[in-house]
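First chain written, first letter: the chains are A, B and C, and each begins at residue 1.
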Amino acid sequence: MTSLAHSPSIPPVSAATTPSPLLQVEALTKRYGSITGCEDVSFELRAGEVLGIVGESGSGKTTLLNAVSGHLEPTSGSVRFDARRHGLVDVYGLSEPDRRRMQREDWGFVHQNPRDGLRMRVSGGANVAEPLMNLGRRHYGEMRQGTISWLARVELDLNRIDHKPRTFSGGMQQRIQIARNLIHQPRLVFMDEPTGGLDVSVQARLLDLLRELVRDLNLAVILVTHDMAVARLMADRLMVMKGGRVVESGLTDQVLDDPQHPYSQLLVSSVLQI
Amino acid sequence: MAFQSAPDDRAPAILVDGLAKTFTLHNQGSAGIPVFDRLQLSVKPGECVVLAGESGVGKSTLMRTIFGNYLPTQGRVEVLHDGHYVDITSAEPHMVLEIRRRTLGYVSQFLRVIPRISTLDLTMEPLLENGVDPDEARERAIAVLQALRLPQAHWDLPPATFSGGEQQRVNIARSFVREYPILLLDEPTASLDAANRAIVVDLIRAALDKGTAMIGIFHDADVRDAVATRLFQVSDFKAAA
Amino acid sequence: MTIANEPAVTTQAGSPERYYNYAYLDEQTKRMIRRAILKALCIPGYQVPFGSREMPVPYGWGTGGIQLTASIIGPDDVFKCIDQGADDTTNAVSIRRFFATVADVATTENTTEATIIQSRHRIPEHKLTAGQVMIFQVPQPEPLRGLEPREMETRAMHAYEEYGLQYVSLYENISAFGRIAATAGYPVMIDERYLMSPSPIPKFDNPKMNNCPAILLFGAGREKRIYAVPPFTQVRSLDFEDYPFEIQTWEERCALCDAEGSYLDEVVLDDAGQRMFVCSDSHFCGERRAHGHAGVMAGHTLDQIDTDGPEEKAR
């Protein structure tokens, strides 16, 4: 780099000094007998980064999400997370109670279907307060206040705090689920098609809300979606999966505007333009 | 390839070295579309380098590659960020995003519209992302919207229903509401009338005076002449087919 | 009121009938249940699965309690059986007579005389003493079942001490009723480790379990679980910092014996809504009346129930 040598006031290129990653996944593989769920997946995630995992059905993205979030022990490879309680730790090296506690304290998981992520027989307010009770909070009044402020934040009618989730629409149930997954200030949130199955206008508003929350709380997010528009809107980075493998990864706008891999090109060109 | 020694000693804000781009369309029989090859470009603070050449020669492609939106086939794009050079083509995504947030602004022809965000919020966003106090951000956003003569009635509306020219001015507002050390301008005045074009020229000149390094694509000859420090012929680096 | 009696089967001390399947259960079954009891005592509040047997009453009628009693009772015991505090309900009488027959034991209504007390849904007013065993009939041993239907999940919650969900149910109470409205089967923490359902006893009785000198055994026949609280164990009722645990209180006193501070049942007297409040613990109330205490409705016909049949009097 001869040109730089002529600029004495500028120090030489430095290796980017980066803060240590929040999550480190290395060579993660999950097989079901001879069937591959996901294979040899490696990536890192920083605080405040939103990683989108896109791919079609059967690509392995849900398997990957479950393996990374501690719900599916991999066949090989590792998942390391910088936990509040333990520091950088191998997720599957923890005992099951410790792992469950870490999932409760440091993580959130927003399911596609709110029924999978909420207790339907318990009021919306109690659903949102439960993570606080799991953390050992024992003051009803304070917890209720916290719940009220979170319900306001996800733009739900506060008069309905004691209503059961089944009396809400799908979009509203998702908002309850989001509040429930953020009230304990997790550092990392997993989202599995959080707006799948919702009406388009509802989806748009929910994505707005999610973007705002991610930015305000500096959340790290791993978002699985098959919807490229959602990926474009929400994710900083993308990983494209096919047949259990990551075929391309990079900056979101780069993967969507200048896809390199044949499959990525196919995926992007298949998206309908309106 | 050696660089021409620059008239002054200021370090370049952007250094493009040996850049090549060929698009490979795998689903069309792996057809290759070569664009440019062995491209060299250096831009200093306070310079406005205008990319020249006919349509299709690769001006936008070059600009997008510098921005990190496209991946080059070969070469590097060194951007001066926080006193260090960072190669955007090989930097981690979070690094590229950080560079875009603080150092490298981009005005494109199109404003990608996000449904519910108001014009004012959109204009404030670059400031808020950089930790500016919300009240101050609001004031500065209003100032630039006023400078671009966007009517106050528009400020609380999302730009989806605006005309092309109005959307373009929102785009410009976002890039000039704070001082980016480097700005990439891709046809920033394409949809504007003469009066608004003049305003944008003033904004560009003011930024150049403050030391912003710029690369621009301007079809309008008047604007080009008003702001260009020099022209850069992309076709000089045309790739062999 | 006297109850028509069948003549009791009496056996001679030392006769073979007395020792073959003593107390109805075969020896192997008793051994299995005793092992379960020992394990339960070693892990206070932990639900031990056991092989619940077919009993002469169906599920829901106290088979768990009966199996516990049958496994520990011996010829020298004195057995008391109460149903919601009363010795004289049909089922209490039936069970008491059952053990009189199959275990050839003395029975009593006197709490202080009893060595084994089997109870449906109450703890007697008299303070329990060392050497007594209290046996509870439990319909649903799992305190979290109402909120978490999966057995695998509740087992994990107990194993990992993940009890936030129980507080969710208390939270729901407060948000619905303005206070913790659960009045019976109020969840407790045993030795600050296991969450336990104390069976559907009124919360009024919860404090009696704390640091109790007696052994407390809990049996659920249908659900096939046994759990226990050994003597002098800490038993704490759950609550919130700003909604502390409180027991029930009454403005009234017992209409028959004038007791203050015992658990009162409300008895509706006629269609006009007339009612009286009476001690739930029939022995406690009767003893007070025998000692001359009289409440505002002393002399009421309820007072006249004579629950000792002729064969009990004969013992």
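As a working rule, a contact is a pair of C-beta atoms (placed from the backbone, for glycine too) under 8 Å apart; a residue touches a chain by one contact, two chains touch by 3 or more.
Note that the structure is a prediction, hence the values are computed from the model and not measured.
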item	value
Touch-based graph of the chains, sorted into line, ring, star, complete or other	line
Relative to chain C, chain with the most remote C-alpha centre	B
Central chain (by mean CA position)	A
Distance between the centres, which are taken as Cα means, of chain B and chain A, whole angstrom	31
Chain A and chain C, separation of their C-alpha mean positions in angstrom	50
Centroid distance [mean C-alpha coordinates] between chain C and chain B, Å	80
Residues of chain A that touch chain B when the two form their complex	1-4, 6-7, 9-11, 13-14, 16, 18, 46, 49, 204-205, 208, 215, 233, 236-237, 250-254, 257-258, 260-262, 265-266, 269
Complex interface listing, chain B residues touching chain A	2-3, 5, 9, 11-12, 15, 17, 23-27, 42, 64, 68-71, 78, 80, 83-87, 91-97, 114-117, 129
Touch list for chain C against partner chain A, complex	147, 156, 159-162, 164-165, 167-169, 171-172, 174-176, 240-243
Contacting residues of chain A [partner chain C, same complex]	96-97, 100-101, 104, 119, 121-123, 125-126, 129-131, 133-135, 138-141, 143-144, 161-162
